[in-house]
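Below, each structure is written out as structure tokens.
Next, two complexes with subunit A in common: one pairs it with subunit B, the other with subunit C.
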Partner chain A sequence: MIEVLGRRPALTLSVCVALFLLISVLPVNDYVLHILTLSLIFAMFASGWNLTLGILGLKTLGHHAFFAIGAYLSAIVAFYGGVSPWLTIWAGAALAALAGLLIGLPILRIRSMPHVAIVTLAFAEIVRLIFSNLKDITRGELGFWGIPPFDPVSFGETTIRFGLGNAWGSYVLAGAFFFAVQAGLLLLLRSRPGMTFAAIRDSEAAAESLGINLSTWKLAAFALSAGIVGLSGAIYAHYVMILTPTSVAGPEMLITLLAIIIVGGAGRFFGPLYGALLLTGSLELLREFGEYRMLLYGALVIGFVFAAPHGIAGLRIGRLRRRDRRGTRERSSAA
Partner chain B sequence: MTASLFLEMVINGLISGSIYALVGSGIALVYGTTRVLNFAHGELLMIAGYLVLFFAVTLGWNVILASVVTLALVGGIGAAIQRVTIAPLLAREDWAFRVIAATIGLSILLQSGAQIVWGEQFRTLPYFFDGVVSLGGLRMPVQRLSILVIALALMGLCALVLYRTGLGRIVRATAQDAEAALAVGIPAGLVHTSVFAISAVLAGAGAILLSPILTVNPWMGVSFLLKGFAVVILGGLGSFGGAVAAGFLLGLIEAASVTVLPTEWRDVVAFTFLIAVIWVRPNGLFAGREA
Partner chain C sequence: MADGLLLVSNLSVRFGGLLALDGVALEVRDGRSTAILGPNGAGKTTLFNAVAGAVRPSEGRILFAGDDITSIPPHRRCRKGISRTFQITQPFSGLNVIENVAVAIVSRGVPMAAALREAADYVAFVGLEAKSAAPARTLSTGQRKRLELARALATRPRLLLLDEVTGGVDQPSVPELLDLIRRLRVERGITVLVIEHKMDVLHGLADDAIFLDRGRVVTSGSMADIAAHDEVRRIYLGDADAAA
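Our next item is the complex of A and B:
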């Protein structure tokens, strides 16, 4: 588990939370807060996907479908039903988890990785086409605009507002959701389910022989992962307040998230956060070179696959290990 | 439905099916021999489309000459992709997923590269063949029919080489067990590279046949890649004949769906069919002998 979580994951997470809170009290400009908000939302997406892709070892490629389902369902219910986004996001997450169960069922029967990759990719394409074809409800590629932001929250005198244009509130909200999900995942991974996931990833046959019910565990992991991704999609929808099927479920979303996970470190608990911060941040710096953006992402994915397959999170562990080894050698030579 | 409408539906299905079969059989050949899933396969189509456009329109070469040069170049590019990005990864742990990730990266790299080099304008080639065939009230341009005929001839040629020649035996032996093939003196690495070249040529042929009736653009490979994958899975992963049969089946299903539903639901029907089949028959419809 140390390979997944790193050393002292709770401490690392606390440091991240402290940094997050520090930034929230500093006079940071709205543009930086906007970038951080997007990073946190994508980091949540990536950590949900990482659960199946990296930690369980099921190579699924269609998680942008769950992002789109969460985003669109929450937006549709809030927009047409007039329900508060504070409630609709849970409906979005629940439907995404249900869709995860649905697509998880045929995948359970397949052990071959190419099948899993292609079937999940085909599922994402179906979802994108459905949202793009239901023009009466979603306005298709013209864009679903007018999605309400989260309702303002008042504490006595102060009122916190959310949505694009209210950078501080949105940043705090995205952070609160992200760190709540991370804390929950950390608890989960450090207890029995985490061990079970690791056992399944290392050897399905061995795990099964120890009495682990593969179908149940895989389905549960799939639904949880899809639910987290759906929740991040719903938060995204009420933050940016406009959706198009291509922007949430198109190939660009796939490559962006794949790059975040691979650059951050697939199967590493903190990989998604590092990857999202680095890529979303550097992307904004390169805004002027807009047309080179996808070129850069493609090159980054190839480069990391070759040079650092465990991503940034993996690099740190590699260095720690080497230092450890050197430390023990010095100690033994001294003795 | 009148007889001529039905006939038109079947012929249209076979025409688009033949392209799916060309793309899918190439993917199946590569997967069957090397167990590699190449997500940059669609970009070979796109590159071939731009190359034939360059030779036939910009330079004004004869269409046949332009096609032959394009196919040779695309075969070379396919081999280069295998040598540079895929072969070095095969020796590492967890290579199957790394190859998928690296080829997805390559695919995006090539798409945005094409967008920067050639821009976003959508271009079309003039028809290679003039004339229209009349078949009992149904009029079909020769250009469209030629797609079916040429694709069938190419896949027939491939099957002939695979199953009736010494070269084909070498490929099939490598597919069964690369190490054992090496032990009896077959240069397995070379076979892997040449299989990539062959699959690139098949995709390139598909692009050349399509370029007069579709537009050449940086993203033209994406939809064909997904369809090609669907075909490969339906046909039983790695089976050449299965992929060809599944390609035509998928084309026919799409053509039939268009007569009932609006066109924009066509791909939804195709991919739903794929998932339904996987649910019932995880090994595909025609699980049989491997490439």
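Our next item is the complex of A and C:
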């Protein structure tokens, strides 16, 4: 499992949590916190998507649909129903998971990866069109504004507030959700599901000959993956407090997230976090380039695909492997 | 019939216009190791694929231990006790050797830590201990064949399908590998079906043999009888007289 998890995953995750906590007590300015908050939300999105795209190796390209479903459902129920976002985000995640199951079913039958890519991409486009056409509810591309932020939380004297404009609270909230999800995923990937996913990715024929029910495991991965992405979408909705179908389910979101996964390291547990930190940060820096931003982004991705095909998370493992190889050569020449 | 572990009747497999198996019927009795012989493209691997559930027959029935398994998926056939290795090896290349084997054990519901311990036994049995922590992609072809044997055994099969298991194995270690396979039968009571291209390998490994050509069973019987068959001699021993 070292290829997926890296050398000491629990330690690496603990270090990340410690850094996250350290930043929360340092006097960091609100703009930086805002970027980190977005990074954490996108890192959660990417880690959910990475389950099917990277770890299971299915070329699913429509996960921004689940982000939109989680975001819109949670926002709609909270806005119209007056229900607390603390509750509605779970409804958003659940609906996204259900949608994941539904789209997973036809995909089980498709063996050709380009077709999987096209079907999932088309699904995302359908979801985007549905949200833009439900104008009475979502106001379409005019934007669904007035989405309530998470209710404040009080500890004795201190009250923590959330939503855009409350940078510190939002940062802590995004981090808490992100690291909780990562801890759960790490437990999962270190046990039977992780091993089973790796087996399915490397050889479906061998996996099923060893008693693995491909349909069950793929559907489970799909639902979980979509659920995590939906949850990140819901958290996003109550953070930015305004949604448009194109901003959450449009091509720019697709490209951004694919870039995060590829640059971070597809199929690597820590890839999404590294990718999200690097790319969300650089996306902000590139804002002054306006329309050329996505172009530069594309160039960055291409550069990575050539220079570091396993992404940031793969850099260290690549080095270790080279060292192993050298070690073997030395040993065999000594013999 | 009573001790027929595997019973195949009128089995046909079609790939588009090609009839890879054409009305094959055979019986493998419990505890009798059987060799599947035949020239390239005869349909030997296809027969394994059909028995293991990897290809869907266009006609015919497959009974295993008295149950009709013709239309159940591969993972359920594995649960029933059918296991196989692949002619072109299919390692889980991102996992190490122990983990490759543990996949088969956790899929039976054994917890991870216990599965890794149990996997170590199978890895030792096939003589790969030194490679335990090596990623499967770093193994040689011969080592991969051994890995697949360990993985297949870890499912605790009653019937083991070995597709050219000595292919790519370095010559000096072939006898040892064959000895392992013989022990499976004696010590664990596993019935073995083997596809092999080397006749010398088969003597002492198989009791019975089935000779396939162009998707049909040409002849079947005891290993000694089949080995003496003209067609078999021609293909396996390059016997020019028999060919004429």
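We adopt the following convention: the second predicted complex is superposed on the first by the 321 of 335 C-alpha atoms of A that agree within 3 Å, B and C clash if a C-alpha of one lies under 4 Å from a C-alpha of the other, contacts with A are read in each partner's own complex, and residues count from 1 in each chain.
Rule of thumb we're sticking to: contacts are C-beta pairs under 8 Å (C-beta built on N, C-alpha and C of every residue); 3 or more make two chains touch, one makes a residue touch a chain.
None of these values were measured; they are calculated from a predicted model.
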Which of subunit B and subunit C A:K59 touches, first, second, both or neither: first
First (subunit B), second (subunit C), both or neither touched by A:I23: neither
Partner chain in contact with A:N213 - subunit B first, subunit C second, else both or neither: second
Most subunit A residues touched (candidates subunit B, subunit C): B
Touching partner for A:N133 - first (subunit B), second (subunit C), both, neither: first
Which of subunit B and subunit C A:I160 touches, first, second, both or neither: neither
Touched partner set for A:S203, first subunit B, second subunit C, both or neither: second
Subunit B versus subunit C as contact partner of A:E291, first or second or both or neither: first
Of subunit A, residues touching subunit B in the complex: 59, 61, 103, 105-106, 109-110, 112-115, 117-119, 121-123, 125-126, 129-130, 132-133, 251, 254-255, 258-259, 262, 291-295, 297-302, 305-306, 309
Contact footprint of subunit A on subunit C as seen in their complex: 52-54, 73-75, 78-79, 83-84, 86, 90-96, 99, 102-104, 106-108, 111-112, 135, 148, 151-152, 154-155
Partner subunit A, residues of subunit B touching it in the complex: 31, 37, 85, 88-89, 92, 94, 96-98, 100-102, 104-113, 115-116, 222, 226, 229-230, 232-233, 237, 262, 264-265, 267-268, 271-272, 274-275, 278-279, 282
Subunit A residues within the subunit C interface of the complex: 1-4, 190-192, 195-196, 198-199, 201-203, 205-214
